[in-house]
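Structure provided below as structure tokens; questions to follow.
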């Protein structure tokens, strides 16, 4: 494993940040969105340029200034970060395209502000993916919270206000009150905060302290939405749908799950967690979240709310995978970041498209919708399959590895959880698609013909749906990256 | 050039006198002279800091007399960054508030500049001096000018200022009395000399009384809860121009004086081993932090909220100084520097906003992100720093403070800091919420609606961004600041 | 607590108290030799601790400035409207005229003197006595300033006496008269000028290559021994102090007594 | 008994300043009238000045003006003969400061009187409460 000192990680982070002044001053919407795409392409290009070397087992490093003696703001691109960055930067471009269709379709207000904060949020996401130590990770985590606040409250009505408060209370409150002290204790005990592939806490903490730290981290990183720190997520669904799509499929929640995964492997280390039995503890917490969230999702009528609870459950899959502490389990958890992202973003895109084209928000109103919007609902079906974990959805791959991991660790209870929750997933997703295609539509909409959303909306969702399928047949490079990362953190 | 320390302090004094004379002859000269004076001072402070970096501690003997006979300026790792921060912040706030001063004061504007410069002279002098009595004189200069500056403002400003004067005089008198006791017991006024002579007398009640008197005096001036009664009124009724100068600097300089008294005049050995006040003081500081935050939460006006934040921040620094370990001291000193920037940014932003509306009540802030994007942007940075979000500088000092609290086992102080961070989140996001919501119905001015940008004057916005950029720069380089200045200062 | 601490204090007038043993003897024993100034208080004030004293002068200056800033009312028009009745004395006949209509214009005549509404009949004796006394007081003040080296006195004391003599004029006549003798503008320039003289002397020392306020530096230019130069330097700064104190006293008095109007008052 | 009397007598200067200081503080805190508060402030400052001056006192010594006659200026000076000059120097400064503070305080009081028509603090507070 070579360390390559390169400025590319920094460039990747600031690519989208750098265009915000241009976005702010752009005269026409077309110029503005042109620049958004340009930044997205540049960002993806930079990320891709690092991909071969990372796949070869190398690491890119770049350090900025020293902010606390011994701690620098630094970037380190390894397989795990690469996986996440690749997902985020690919989906940003897609989401940008979708945003254009959605925002123009609804003639939303303050679009410039929207695109600016979108860009900042993406920078923060990539920054978190490439962070080399806890302080850097924390910094981008917080910036992401701040940058997404205006997006969540975009509608600026009373509901948005209340949701925004809840969002901040959980996310910023959790990070300030729980994560910050935990970081400081880590620094005091270990004298460093740089992520090490095998963790750096081993030998510095007792079991009690390690357990306390673990709980501080996993609950403090509230973006991972481990129950009971989950209730911001359904509330944040008031945001415009592209925001929900990006936030709840890619950026915010995945930063949370990714951060937890990073902390578990880079700070605690697999061996330490196994030694103190903390993996099981976390796996139990994650299992509870998976099951409870799935049950709640069953009872939701609002489409986006059902998706939100589904997300809560799926995030805990990632945590569960990592908490299994076996190479297969970690591979499954990490690759689930990518697979779930593609699947869930498709579902959100569909929800948005349905809202734009038909003005429908609730599942009970969607009967027969498949006849009016065949592409959208087709994509919705594929997305559902992926999230449930059925072939030919990409989600099958990750579920497969998760199940293997559960077997590998001889914890059959978790295997049962996985299977049972997949069943629940199917129970809350498949009826939607079934009703859309086979139920009789309400009388007034019977022969409305085909009424799809604008092409800017439909093309992205078709793309992500196809990508989900394609990932089933060819999970490169995500699976390779996840395997590599799992090998690195387990020392294999 | 070894005259930097003299220029640092004399330049604003000379400029003040020149302005007062020029006011009767040519008014247009006044502002340039003021900028020249503070600019010289700022450059000299950079020179001083550079020299400290190469040579370490050095002395400037006024009148060529060696202390303890004469008075000497002592510049070391501790006060060099404070000097830079104070002179820089003063320069920025002078440039920023020019329009406000000219508008509010009219023909008396030159007098206002003079008072500002004298106040800055006093603060810089206090920071640089190595003589306990000289410090009192300089304290009085900055206080008297401060009283006058705070008295110009709204209807209630003179009343608030008179209260400030009465309490401030008690504080200064306590300090003077304490110095008198020290002089009586040792026969010297020089700080370094005192620290040599005092250890022999550590058991004495008189020394203890002197220490307490000095401390109480400083705390009164620094507005440590519950001695803060003068601050909210004085800073919230005063003219924005005075608040922008005094709020960032006055309390911070007093905290510096407290550190100086604790470290140089008395030694940590005395403060933490001979007498055991630290338990009480840290509890007091925790209460100050919590009370300041809660009182800020109760306000419905941006400016009043800001002054209570200042009260809470004083608690941060006093607590950090009294936790009694290296980490916490580092945090206190770093927070002192950061707080100058943060408070400057906050008050400048408030001044910018206030210039475009009647009062800074929350209900008047609607839609400000659209109409004053630049001012609000800087305010967001300042808020991030006060909340403690990296890479803004406030995070890093809070880091050391929290770490120091854990090291000292003071979990009450830790809890107070975390609680106050949380309250700050609520405070500022409540504010941003108001400013984000246009106040129009659901969909605001739409994509095609034309929003008129109605910003504050350019000089104000530029200075505001200078402060905001400072927040980021200090944040990014706080490691170097700690390594190069604070660590050697604590050796 | 203070009372308890007193137990540790040295007794009153104890020549062996630490305060008398550390720095003070050095001042007493060296001051004359080094500064050629027998009055040790003056020497310490204006040389050893001259940095202190410069700021002390600045305190005076800023106090004057603060009073001016707080009180001075400069919009003339408003002031005129507030005065309802105006009184004038016809100098030749000593008759007092009251004018009730605010708008009526009264010509500037050498025979008419405007009076305060709260005017009290003048007392010839007091006025004459003050008029005679004032020059002597001022002369004495100059002596105090100049002779501060050898006897008790110095810039502050001299300045105060000088200022008091002018205030005496205001008291015995009225503010309007005294403001004619000491125009606001002149005082406004003199007050900072006093500090400027002080700081300027200090800056000259820097220019001569020594530290700030190191009067020894002036020896070359003055053509004297360093000790004598120090003595002269002390004199210069004392003059500055006196000027500043005098001007500031008058500013403070004028503003306080008339609440900023400079029209009426004591 | 004798020692207590001796204590009180030997250090009566300190008792004086402490009691004066307490008087001043009391006036500043307890009085309602702003001018009385200002007077209290002045008493407090004077008490401290008194304290300093009494530090400077030395039995059997004279004012610190060096005796000299023309011709032989370099005779040795015995510090015991003169009282301590430093407290006097310091107090010259402190007096000036207290006068300056007093001036500013009075100016503020005049401003307040012009605006509120009273100098009783509670009356001013009432007015403020009625018309914020």
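As written, the chains take the letters A, B, C and D, and residue 1 is the first residue of each chain.
Basically, a residue touches a chain if its C-beta (ideal position, glycine included) is under 8 Å from a C-beta of that chain, and two chains touch if they have at least 3 such contacts.
Labels paired with UniProt names: A, B = Multisubunit sodium/proton antiporter, MrpD subunit; C = Multisubunit sodium/proton antiporter, MrpB subunit; D = Multisubunit sodium/proton antiporter, MrpC subunit.
The model shown is predicted, which means the values in this text are computed figures rather than measured ones.
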*Any idea which two chains share the most contacting C-beta pairs?*
B-C
*Farthest from chain C by Cα centre, which chain is it? Let me know.*
A
*Indicate, using Cα centroids, the chain positioned nearest the centre of all protein chains shown.*
B
*What is the distance, in whole Å, between the centres of chain B and chain D, each centre taken as the mean of its C-alpha atoms?*
29
*Between chain D and chain A, distance of the C-alpha-averaged centres to the nearest whole Å*: 70
*asked:* Just the number, please: Cα centre separation of chain A and chain B in whole Å.
replied: 43
*So how far apart, in whole Å, are chain B and chain C when each is placed at the average of its C-alpha atoms?*
33
_Two-or-more-chain contact residues of chain B, please, as numbers and ranges._
133, 137, 140, 144, 147-148, 151, 158, 183-184, 189
_Residues of chain C engaged with two or more neighbouring chains_ = 2, 6-7, 9, 17, 19-20, 23-24, 27, 49, 52, 56, 59, 62-63, 66, 70
*Quick one: which residues in chain A touch 2 or more of the other chains?*
none
*All pairs of touching chains, each written as two labels joined by a dash*: A-B, B-C, B-D, C-D
*Along chain B, where are the residues that touch chain D in the complex?*
133, 136-137, 140, 144, 147-148, 151, 155-156, 158-159, 161-162, 165-166, 169-170, 173, 176-177, 180, 183-184, 189
_Touch list for chain B against partner chain C, complex_ = 3, 6, 10, 13-14, 16-21, 23-25, 60-65, 68-71, 107-108, 111-112, 114-115, 118, 121-122, 125, 131, 133-134, 137-138, 140-141, 144-145, 147-148, 151-152, 158, 181, 183-189, 197, 204-206, 208-209, 212
_Interface residues, chain C side, partner chain B - complex_ = 1-2, 4-10, 17-24, 26-27, 47-52, 54-56, 58-59, 61-63, 65-66, 68-70, 72, 74, 185, 188-189, 191-193, 195-196, 199-200, 202-203, 206, 210-216
*Give every residue of chain C touching chain D within the complex, in rising order.*
2-3, 6-7, 9, 11-15, 17, 19-20, 23-25, 27-29, 31-33, 38-41, 44-45, 49, 52-53, 56, 59-60, 62-64, 66-67, 70-71, 150-152, 156, 252, 255-256, 259-260
_Complex contact set, residues of chain B against chain A_ = 369-370, 373, 380, 384, 387-391, 395-396, 398-400, 402-403, 406-407, 414, 418, 421-422, 425, 429, 432-433, 436-438, 442-447, 449, 475-480, 482-483, 487
